[in-house]
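Some structures are shown below for you to check.
Each of the next two complexes has chain A plus one other chain: chain B in the first, chain C in the second.
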Partner chain A sequence: MLLGTGFADHCRGQNIIINNDLTFRDMLGGVPKVVSKHTAGSAAEFLVTGTAGAEVTVDFTLPQYMYSSGYTLQLIFTDTDCAMDSSATPDQSNPGYNDRNPWETQTYRIGSNGLTIWLGALALPRTNQQPGDYTAPIVLTVTYTGS
Partner chain B sequence: MHRKILYCIVLALSVGLIMPTDGVAQESATIQATATVISAITIIGTNNLRFGTVLPGVDKSVDKASIGFAGEWSITGNATAEITLDFTLPDSLWLADSTTGMRVGFSSTDVSYDDETGGGQLLPAGTLDPNGPGVGNLGVGGTMLIWIGGTVFPRLTQTGGDYSADVILTVAYTGS
Partner chain C sequence: MTTSVGCKHINWIIIAVLALGMLVGASSVTAQETASGLVFANVLAGLSVTAVQDLNFGDVLQGIAKNVANDDAVNAGIFTITGEAGAGITVYMALPEYLATPTGDDRLTIMFGPDVASVDTTINVDPSAFGSGWQNTNPYNLPSGITVGTVGQNQTAVFIGGRVVPAINQKSDTYSGYITVTVAYTGT
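Let's turn to the complex of A and B:
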């Protein structure tokens, strides 16, 4: 009982819920395609839940390519491709914390309804890009700062 | 004495564990970036532009509707996709040793196309100006045929021999 209570206080719980993959859908060879962080259903979307008011750092591990049977398709994340919102009613089209750089550690506070994070990107297929389904993992790591 | 030491150890451990420390907690989640690349665009030259035998001082034209003589390309790709068509045209045909040239010209109506809505080379769907970039749409079956004619202008003193030059058509999706 004593040990259980102590452990809960020490490691405050948080969860990341995946709401949407970063989805480019159909693409033509030689035609770049942008998925805006503001585009619902296409932009990546994460929901971080945890202690309201707690400060967290947000880090992405971003791929440079998507892959399909050994073929590559270039992915580009710009320094404004991330947005976050911890308000009671997160707004993807007008987030509270907009144009963030996903290549850098972001620091933010979890709201009463958690922290929603969106991510967009640009895909650059070559003119002679091999047809197929391309995928790549995007890892989000959230860490309490203790503040 | 031993009980006292043991009591101290247990107390120290308990205090350490129940301290309301804001310790570091971390969580990771992985999503996928996904894309489906559909049909690549391909183009094949299926017939050379052939002027045949040419007499010195006598201009000779090949019409775009002249089957077997007009140049022809076959394009395949994604159905109804918009594409750009960009011709790289020679201003002369050359002997194999590249020492002697014979002028060649292409008018603004020297190219025709069929995007599956026409009747082939004799009844194409429309014409294109080969001297500027064009835009068109592949047919519902994802194909388009292109034909090109032209005119050569041999001089009266044109050196005899076999002349040739590259006529290049470059196509690309516009994304529309």
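Let's turn to the complex of A and C:
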């Protein structure tokens, strides 16, 4: 009976909602562009829903380049480009868990309104960068720790 | 009695093993969710510079300096810059100090004054019909704030004149030199 209850708790899943993709919009050759994790509408925003109070690990699989028809555009994610907030009113401009390293596993707890995760980056087009639309996937994996 | 106790003991062991198995099974079903977002960028048109017309002094006489004005439709140097309409750029001109014969055995002094260049941010490429921008400006220090044309017009032209000063014993020959125009986006 106790084991069954525990099993059910572990199977209570979480969902990840992509509220916003990381968007650099228009760029010029040779002109680097930063998207801050604090910039609404441009920074990537993920909402993790699940069991309030449950601890989760957050892992990113980050691209080093964006691609367009065989051409590449370099991307740099620094060790402070991630932020998280699990408060009732997540604040992108002043998140509860700021300047986190997206290259490392982050551990945090889901709040009553979930856990919101933001991600910024720097794009470095070359001076002779081929014009076009460049994209790349950002994979976010969230796992309950059981704590 | 002993056997019976032994059986109960074995049963408890079996139950414990089963329970342990379920515990291990439960802990291995840790929930995990993966989502794949995207990162987007749109790289706009690249910059291109074209030498449309060479700065041409034509025939010059020994000891007699000759000027070409930047609004001379036939002889002024003309460069066009194309790229993303309205984008800010820097423009740098590397200018020669002399022209040389094909064999390099003589030199002809060339000078560029502080007002021999014009930058036209319309699509006009006729130096004699200047549109809008900077007229009679310094080619060694072109203005900040130059853009690739204006919105909807993705071309800017640079017109340049100059002055050659042949010596009284200047060798009779053709003389040439390079004017190099370098442009880059400023991000504005």
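The rule is simple: the second predicted complex is superposed on the first by the 137 of 147 C-alpha atoms of A that agree within 3 Å, B and C clash if a C-alpha of one lies under 4 Å from a C-alpha of the other, contacts with A are read in each partner's own complex, and residues count from 1 in each chain.
Here is the rule we go by: a residue touches a chain if its C-beta (ideal position, glycine included) is under 8 Å from a C-beta of that chain, and two chains touch if they have at least 3 such contacts.
It should be emphasised that the depicted structure is a prediction, and the values quoted were computed from it without experimental measurement.
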Could you tell me whether chain B and chain C fit or clash when both sit on chain A in the superposition?
clash
Once the structures are superposed on A, label A:82 by its partner contacts, choosing first (chain B), second (chain C), both or neither.
neither
Touching A:125, do we find chain B (first), chain C (second), both, or neither?
both
Does chain B (first) or chain C (second) touch A:135, or do both, or does neither?
both
Regarding the shared-chain residue A:147, is it in contact with chain B (first), chain C (second), both, or neither?
first
Looking at A:115, would you say it contacts chain B, chain C, both, or neither? Reply first, second, both or neither.
neither
Examine A:43 and indicate which partner it touches, taking first as chain B and second as chain C; both and neither are also allowed.
neither
Go through chain A and flag every residue that touches chain B in one model and chain C in the other.
3, 6-7, 10-18, 21-31, 33, 44, 46, 48, 63, 66, 68, 73, 75, 121, 123, 125, 127-146
Parts of chain A lying in touch with chain C, wherever the complex brings them together
3, 6-7, 10-18, 21-31, 33, 44, 46, 48, 50, 63, 66, 68, 73, 75, 121, 123, 125, 127-146
Which stretch or stretches of chain C touch chain A in the complex?
19, 22-23, 25-27, 29-47, 84, 87, 184-187
With touch defined as at the start, can you tell me which chain A residues reach chain B in the complex?
2-3, 5-7, 9-18, 20-33, 44, 46, 48, 63, 66, 68, 73, 75, 121, 123, 125, 127-147
Tell me, which parts of chain B touch chain A in their complex?
14, 17-41, 77-78, 81, 172-175
